[in-house]
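What follows are several structures.
Shared between the two complexes below is subunit A, which has subunit B as its partner in the first and subunit C in the second.
Our next item is the complex of A and B:
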């Protein structure tokens, strides 16, 4: 079937116009794609990946009352992605009767610690200072991580509430990394690099991380070398951990929206490429 | 003298930390802990400098009524309110009866003002990325096509709906046969393989390059060839 030059030109105009579509239409489609599944869940099954399972298995095998340190190296901007991870891991630790120590290298992360631990421990009757403690923020980044290796009490003389280190039951017998079962770094920055360099390599601390979806690819090399015991990647990592602990939370609630959003972006990229190819084809003069 | 003393301090501190790492004796570790304590104190001063800079820039903006001066008021007001509640809510500043209330006010402001604002700004990225991907992510060359294919595969394999679609395809082709060459979770496995193998290989190459550059940079600072701590001199 042959096209007239006018029809071919019209077709090409259509594809050109499609490429220049007002970006607000794209925003609208994405908005609907995020909001609708949030309120009408699709119920897709989350299948835990190996990096998540490894972290879960490691924590699951820790003896009772062993301290687990979670570093909240993110601010409120990434809380939607990383808070569900913190809550899921904390809930698992509390169920296993492990002690939790919260620290942060990010000044805006300090208030997120208490919120996550309170949320995770509320139903299980876990109490601040007895079962968990928030040591808050200390400036210095790598210096703080190195300092913990020398003595946790030398860096944090009190907790974030001002209670002296020696009077906190949750910190009883905790001197440095040797007494901590695992350090889990939840980060939206390059903080996991700091923990790898100073906590893992200088003090042989057991280490795992949870990072935002866009960062996860950068940390896979550390998984292969065993420097990270496990990795949680983005909201999916949180949803996988929730699946393993059989405690659905914000991670699983958000997965349907994220699924649809990803598929929309994929569809847009394919459509954009089709439009680009079609607009280049035309009547040759 | 103004040059030699800082260079000498940087040299001694750098060499001590390097030696301590390779020779971890009781004395070297004690020295390390002292140096780390000093560094933490200096880092705290950096926060004070940052706050001073924030306040002075915004005040001068207000004085000159520069474009956007109204936002300087918002910044300074936000800073003042959070600082007042944050400082007054501490053990040292407030009576026990007031402390809990002030502390809760601080937490409330954080949860209901800062968290939603930060989350809003961050979530806007998703919309801009979607629009940018539609307009610019083109398979024009072989390399770009490869990147595009890998990106689309990882995107679809990292979400449950994508894995579910993969499982449905598997069922349509092999109908639940146990002799199928791949499992129903083939899409997730393929995504993990992309992240574990090609991605790890490329990331590792970048890391090695960056690590070697960091070593070279550290040596240049220790021996005083580069002095970023001296206003670029």
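Our next item is the complex of A and C:
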């Protein structure tokens, strides 16, 4: 089939105009794509990945009352991705009757500890100081992580409520990393590097992380070397963990929307490339 | 159902309106958006300061000195205060001492730890056998072997690409080009995860607006 020069030029103009489309239309399409599944759920299935399953299996095999430390190294800006992970892991630990210790290397993460533990333990009757404790924030990053190896009570003399270390049942018998089943670092910064260097390499602590989607590709090499036991990546990682614990939460709520948004982005990438190629073809004036 | 208190409802409305104002930037820059942006920066700084005061200054400085008479705590406190001398040109040189202290401690701690965690362990992780025979089935052995070969070739070709003392021509040039393809795969994976992360943040806000603010949506799991 042949085209006249005018028709070919018209086609090219269409593709050129398409590339200059007002970006606000794209924002609108994405917004609609994210909102619609809240009203008409698509039921997209989440299949747990190996890195998520490894962390789940490790925690699942810990003996009762073994302490698990979660480091909340993120602020409210990343809570949409990391809070669902914190709640899912905490809920799993509470169901297994494990003790939880919350710390943070980020001052804006201090208040998120209590919120996550209370939400996870509310239905299971878990109580602050008996089943979980928030030790709050300490500055220094690597110095804090190294200090915990020397003695958790030397770094955190009290919890964030001011209760002395020795009077907290959830911390009974916990001296350092030797007494902690696993440290899970939930981070939106380079904090996992700190935990690898000073907790894993210096004290051989069992370590895993949950990070924002932007960061997860950078931490896969640490999984292969065994420095991390498991990794949760972004909201999908949280949804996978919720799937394993059979306790749907904020991670799974968003998975339909996430899938639709990804399909829209893929379609736009393909359309953009087609438009780019088509606009360069044909007779040039 | 327990009725939420006034302050809870008030805080949800404030958060919802601030969210909508923040998203108004997507349509067009406007004074309300700039106000919210400035508010966010200010509140974050104030929030961080309050937490440092509650979790550090009171339990680690004030109480030990005031209640227990531990005057040794004054030494790090004074070193820390010297940092603030940078704001006064005549005595700004005093800030070099805490800076030297911090840099010295930081370098001493991180250099050996980084070499061990990020170089030696990663090199060790690359030293894998291209032929795997210890898996349960022949298929698993084949998959693991191919995976290891891809890992070895990927690492070597990317390292070759960043070796600039030899011209990238001929067979060596083609091997370096293979390294570019591995890098492109890596960038693609990072881009995909970045899209996922940004959409997740939008989902977080939409969940808040629909469930916590408007109380609508079919998938009410909370």
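Here is the rule we go by: the second predicted complex is superposed on the first by the 283 of 285 C-alpha atoms of A that agree within 3 Å, B and C clash if a C-alpha of one lies under 4 Å from a C-alpha of the other, contacts with A are read in each partner's own complex, and residues count from 1 in each chain.
One rule holds for everything that comes next: contacts are C-beta pairs under 8 Å (C-beta built on N, C-alpha and C of every residue); 3 or more make two chains touch, one makes a residue touch a chain.
As the structure is a computational prediction, the values presented were derived from the model and not from experiment.
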*Of the partners subunit B and subunit C, which touch A:268 in the superposed model: first, second, both, neither?*
first
_With both complexes overlaid on chain A, does A:139 touch subunit B (first), subunit C (second), both or neither?_
both
*Regarding the shared-chain residue A:131, is it in contact with subunit B (first), subunit C (second), both, or neither?*
neither
*asked:* Quick check on the superposed pair: does A:234 touch subunit B, subunit C, both, or neither? Answer first, second, both or neither.
replied: both
*What is the contact status of A:185 with respect to subunit B (first) and subunit C (second): first, second, both, or neither?*
neither
*subunit B versus subunit C as contact partner of A:45, first or second or both or neither*: first
*Does the superposition put A:253 against subunit B (first), subunit C (second), both, or neither?*
second
*Identify the partner contact of A:73: answer first if only subunit B is touched, second if only subunit C is, both if each is, neither if none is.*
neither
*Applying the touch criterion given at the start, work out whether A:196 contacts subunit B, subunit C, both or neither, answering first, second, both or neither.*
second
*asked:* Based on the A-chain superposition described above, do subunit B and subunit C contact any of the same residues on subunit A, and if so which?
replied: 27, 30-31, 34, 75, 78-80, 107-108, 111, 138-139, 143, 146, 162, 202, 213, 216-218, 221, 224, 233-234, 236, 256, 258, 261-262, 265
_Complex interface listing, subunit A residues touching subunit B_ = 19, 23, 26-27, 30-31, 34, 42, 44-47, 49-50, 75-80, 107-108, 111, 114-115, 138-141, 143-144, 146-147, 150-151, 154-155, 161-162, 202, 213, 216-218, 220-221, 223-224, 233-234, 236, 239, 255-256, 258-266, 268-273, 276
*In the complex, go through subunit A and note every residue touching subunit C.*
24, 27, 30-31, 34-35, 37-41, 75, 78-81, 107-108, 110-111, 136-139, 142-143, 146, 157-158, 160, 162, 193, 196-198, 200-202, 212-218, 221, 224-225, 227, 233-236, 248-250, 252-254, 256-258, 261-262, 265
*What does subunit B use to touch subunit A in their complex?*
21, 29, 32-33, 36-37, 39-40, 43-44, 46-47, 90-92, 106-107, 110-111, 114-115, 117-119, 121-123, 126-127, 129-131, 133-135, 137-139, 148, 152, 154-156, 158-164, 185, 188, 192, 195-196, 199-200, 203-204, 207
*Given the complex with subunit A, which residues does subunit C contribute to the contact?*
26-27, 44, 47-48, 51-52, 54-56, 59-60, 105-106, 109-110, 113-114, 116-118, 121-122, 124-125, 186, 189-190, 193-197, 199-207, 210, 216-219, 221-222
